[in-house]
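First chain A sits with chain B, and in the next complex the same chain sits with chain C.
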Partner chain A sequence: MAITTRVVARPTGEASYVRATFKGLALSFKHLVDPHKVTVQYPEEKWDIGPRWRGTHRMLTTEDGTAKCVACGLCPTVCPANCIKLVPGVDAQGNRYPVVFEIDEFRCIFCGYCQEVCPEEAIHVGRHYENAEMDRKDFVYDLARLTAQTHPVCEMWDPADPKGE
Partner chain B sequence: MSDTKLVNLTIEGRAVSVPEGTTILEAAKFAGVLVPHYCYHPGLKIAGVCRMCLVEVEKAPKLAPSCATTVGEGQVVHVYSQKALDARKGVLELLLINHPLDCPICDQAGECELQDYTFQEGRADSRYHEPKRFNPAEDFGGDVLYVTNRCILCTRCVRFMGDVAGSRALCVEERGDRAHIGIAPDLDLSHPWGANVIDLCPVGALVSKDFLNKARAWELDRTASVCPNCSQGCNVTLETRDADVVRMKPRSNATVNQYYMCDAGRLNYQWINRDDRLELPVVAGKPAEWDAALAAAGKALKGGAVHVVAGAGLSNEALWLLKQACGTGLFRVAQGPEAPLAGVPDLALRADRAPNGAGAELLGFRRADQPLAGAAGKVVVIVGDDLDGLDTSALGSAAAVIAICTVVPKGLPAGAILLPMANFAEEEGTFTNLRGRVQRFLQARPTPGFARASWTVLAALGVAAGTGGSFATAEAVFAALAASESTFGGMTYDTIGLKGQVAATAGVNA
Partner chain C sequence: MMHSLSFLLQVANPQLPPTMGMFVLMGLVKAGAAFGIYMLCVAYTTLAERRVAAWIQDRLGPNRVGPEGFLQPIADGIKNFMKEEALPDGASKALFIMAPAIAFVPAMLTWAVIPFASPLPVPGVGLVDMVVADLPVGFLFTLAISSLGVYGITIAGWSSNNKYALLGGLRASAQMISYEIAMGMSTVCVLLLAGNVNLNEVVAQQGAQGWNVLLLTLAFFMFAVAALAETNRVPFDLPEAESELIAGYHAEYSSMRYSMFPLAEYANVITSSSLMVTLFFGGWDIPFTTWDNLPPWTITKTLLTMALYVSKVMFFVFFFIWLRWTVPRFRYDQLMSLGWKVLLPMALVYITVVASLLLGLDAAGVARTGWAFRGAMLGMNVVFVVLVFWVLDRGRLISPAYSRVERERLARMRAVADRGDLLSGKGA
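Moving on, here comes the complex of A and B:
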């Protein structure tokens, strides 16, 4: 069967690029005059994040600045990503405290179970998203780092108020 | 047994027949229903003080404490009727009035009966708003710390010390909400069996000082084993965290140790985790491959008369393979004072502080104070003895020295061949206790470095020396042992099970 070519006669108005170019430019100039409301001038300007945002962790402290954690071992137990390392110990007053408490933020899946399970309200996931570091090893947060962070913490989901109203 | 009268009753809709005189609680256990209880313990006298085991018996005027009520013909017992559940919920609420909310720092959390039953049957909240009673924790001596606030006064510890251990160290002091466990001014729980109160305590009131804040109960892996610290052979559970044994607990065996084990055995487990282990075969002072080291050992064994020094901590399998490879020899057993438990017949911390002296004797090894005596000029094979405290001068003139060991023995000549082996917690095997009871132990932790199970090393040594066969499992070794030694005839790992089986020649070395 011989190969043939069929020439389609399109109307000039549709085939030309001139009209489409002006249409596109018109949209661009419209946005220049009336900027899109979603665009945020990061980092000068930051978006509000939700009260239940789950970001990198923070360890809350008592009045004297020590971590509230009593090394009960529930967070490493409940952690589905197995990213919490905890070694318990006893201080001079006979109080149980974490000798080692490390969270590998790379391994963490930010489920928030650690905060939910904590009986002392010590470990929290934070309302925070700027986590860049120069070295991979800096993503393993030790106790000093966790207690030193100051960002706001996540509010847990309240079953009585599921939509946070 | 035939003239025991059986009583028929119904528990939770299940018909059971139990011997006359059985308590409802035991009958329910037989029917597969666990009645919650605190003060009741099968090894102790019945006290009936906790009221947690209340059950409803049809036609009885009020609820019955099932631990102290014997079964009656035709009884219909309801464990989970609304009336019984309400009563137990009330008991739990009262127990929790003064119980601190310190589960996060309590060592018992995860294996606490108060937690378990509260979760099953208790109230979710407390109606008590007044401040809780507070008493400081008290050191009871021995390995025991008494955390007064957590105590629910079940008196298991008091009854154990009084009735089983025969010591009047503990009692209940004061009354009402001030009651607590008191300790006699001139006594403490440094009794050789005192730490059993830690296991008996259903809550975290009596906790081990050794285990305090070390690990959480749910992190531990548990392995059935046998205590390696004396010839009684108490059945134990080795509890490991990662690869380290963090505590030893008794495993019940009615014929050996009932529910108990002594403090000396319980607390002597750190050596299992020691980190100065021999991890590589060594030939002439240099690390060697296993094949080369075994070939060198096999060659050395053919170089003259062999003098064997065995350890009393070796399994029956290892001793038998040693006998196959090099013949029998001498072993020594460390001695210590005996400490019987008054309330249990034939249970004591024995003078022989090694688990398998009886097994070694049954297999033809001989006991000696100086197992190296007569070793001069011979090929000396040392298996599982660290030679600590022995005169090792004879080794200097030995034709060759082969040491199969967990740690490098002291006083070895420079040319010795060292083969690393596993300790009892790192391999499978059997021990024979002083009554001739063969008991299995299972592997609880990995072997360090290139060390191999003792039976693997000794079987390979037998092959290298051309005197023994090769085996794939410890079970196969034991089968061969049972086939060749009439004392162990007919035994297999299956017939031994986890409760042990008495060898044909019982009562050795009583």
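Moving on, here comes the complex of A and C:
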């Protein structure tokens, strides 16, 4: 490519230095005294997160406190990140239940497919994001930890019509 | 007993200069106190810079360490001391280690000759000048020492053995030498008015005659621009220029050694502000009254004048910070042509006019403290301010790269450019 010279036609007629600087100073002073600051003081103040926020998982329970999960295997199948580990089992009454149900929150991409595919409304992504840990292995949530979560869940669906009927 | 006591008290009359021994002692006390306060001010200027920057950008700034971030400078200091010091393999070791100190010391030395309050009568000691060293060559000393500051930066840039650092150091030396001249020239007018280079005398003159900023606004303007360039702050921060030179001269520095450079910059800001206040805003003088300029000196006077001096300096420190977060950086050619083609000729013309006016007024027998003298100076000042800020500061670009192109050459360049586009197939 040939080297070309571009000569910019600058607006010399309107140019000024001192007056323009004073104008700029006035502008930045306006911002200096303006009480409108955009910073959110994080640990004390928090943004309201939307009803469709997809964060840390939560497993809902039945009235007797056991997980709603019937170990159908849909969520590990649909999971694009392959982060759900499910080992199904059958109890004395012949009901299927999860023997092992683990979600690796590090692998999870928070797509929310597990919640969408779940026929029992058991597994949910939650409206929650403060899930830092000191150890990598603590990011693998087992069933006890998933059921112990109390944060509100993502409203991918209309709460008035949970089964989509 | 009583007789000897009264004799001692007579010797130590608080309205008279102290004896030699007391003078040395008070000098040490003043130096120690001034050093401590100055370092504290430098530390807190860093906090002021960060918070003002944040407010201007609609943020909040550091407000977590202590109430409203008040302990932030201490936390920063501890952090910097704890960090690892990197010493580049290719660096010239002795100079590399020395450079931060060389950059820092001149700023502080300069401040030593600036008077910060009216003399303090100390019972049993005598009248103590509120200046660390009341040098008879005061102002010349500040010029001499502040031009040493460039060595720290240039040596830092060179000894790092890094291209960017070297470029930063070179830019710093070119810039500081260029603006040193404009700075010196702009203050010649002040010295013409004061008739003395002792800064205490300059303050006294302004107390009697009115602040120099009213009589010599243009000199103040030029001094402020040159001082900005001397402190290497935006819009003249080309030596660091993070967008082009990474961090310029201190690219290779880390830990407390790095930290010395920002500290030197803030020390320079405080010193430049103090100089502006002393030379143009009456120093510790309280305006609209001569009560504070005349003996008998009292502690109240000292405290009041010191408070006023501090608030004036704080305003200018704030102004430096305010300007930094307002204007963009100059290009290198603009910087050079502003210094050599605008400020220097302007200062020379200004000196000539001011000197002629002073000579004329003195020959006509106009008293320097009278209203006629002030009126004449003020009139000259208004003419200059209108001329420079309204007439000359219009329709001009400070840029040799632009202004040197003549019309025919421009046409030729455009023709070549078009042909280049055609050859590369873009013009079709």
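The rule is simple: the second predicted complex is superposed on the first by the 120 of 165 C-alpha atoms of A that agree within 3 Å, B and C clash if a C-alpha of one lies under 4 Å from a C-alpha of the other, contacts with A are read in each partner's own complex, and residues count from 1 in each chain.
Note that contacts are C-beta pairs under 8 Å (C-beta built on N, C-alpha and C of every residue); 3 or more make two chains touch, one makes a residue touch a chain.
Worth saying up front: this structure is predicted, and the values here are computed from it rather than measured.
Novice: Would you sort A:37 into first (chain B), second (chain C), both or neither based on which partner it touches?
Specialist: Only chain C; A:37 stays clear of chain B.
Novice: Contact-wise, after the overlay, does A:152 reach chain B, chain C, both or neither (first, second, both, neither)?
Specialist: neither
Novice: With both complexes overlaid on chain A, does A:73 touch chain B (first), chain C (second), both or neither?
Specialist: The answer is first: A:73 touches chain B but not chain C.
Novice: A:16 contacts which: chain B (first), chain C (second), both, neither?
Specialist: second
Novice: With the two structures laid over each other on chain A, which partner does A:96 touch: chain B (first), chain C (second), both, or neither?
Specialist: first
Novice: So in the superposed three-chain picture, is A:112 touching just chain B, just chain C, both, or none of them (first/second/both/neither)?
Specialist: neither
Novice: Of the two partners chain B and chain C, indicate the one touching more residues belonging to chain A.
Specialist: Answer, by number of touched residues of chain A: C.
Novice: Which partner does A:28 reach: the first (chain B), the second (chain C), both, or neither?
Specialist: second
Novice: Tell me, which parts of chain A touch chain B in their complex?
Specialist: 70-74, 77, 88-90, 95-96, 119-120
Novice: Going by the contact rule set out above, which residues of chain C touch chain A in the complex?
Specialist: 52, 55-60, 221, 322-323, 325-327, 388-389, 393-398, 402, 405, 410, 413-414, 416-417, 420-421, 423-424
Novice: Which of the residues in chain B end up touching chain A in this complex?
Specialist: Where chain B meets chain A, its residues are 103-105, 109, 212-216, 218-219.
Novice: Quick check on the complex: what are the chain A residues that touch chain C?
Specialist: 1-7, 10, 12-19, 21, 24-25, 27-29, 31-34, 36-39, 41
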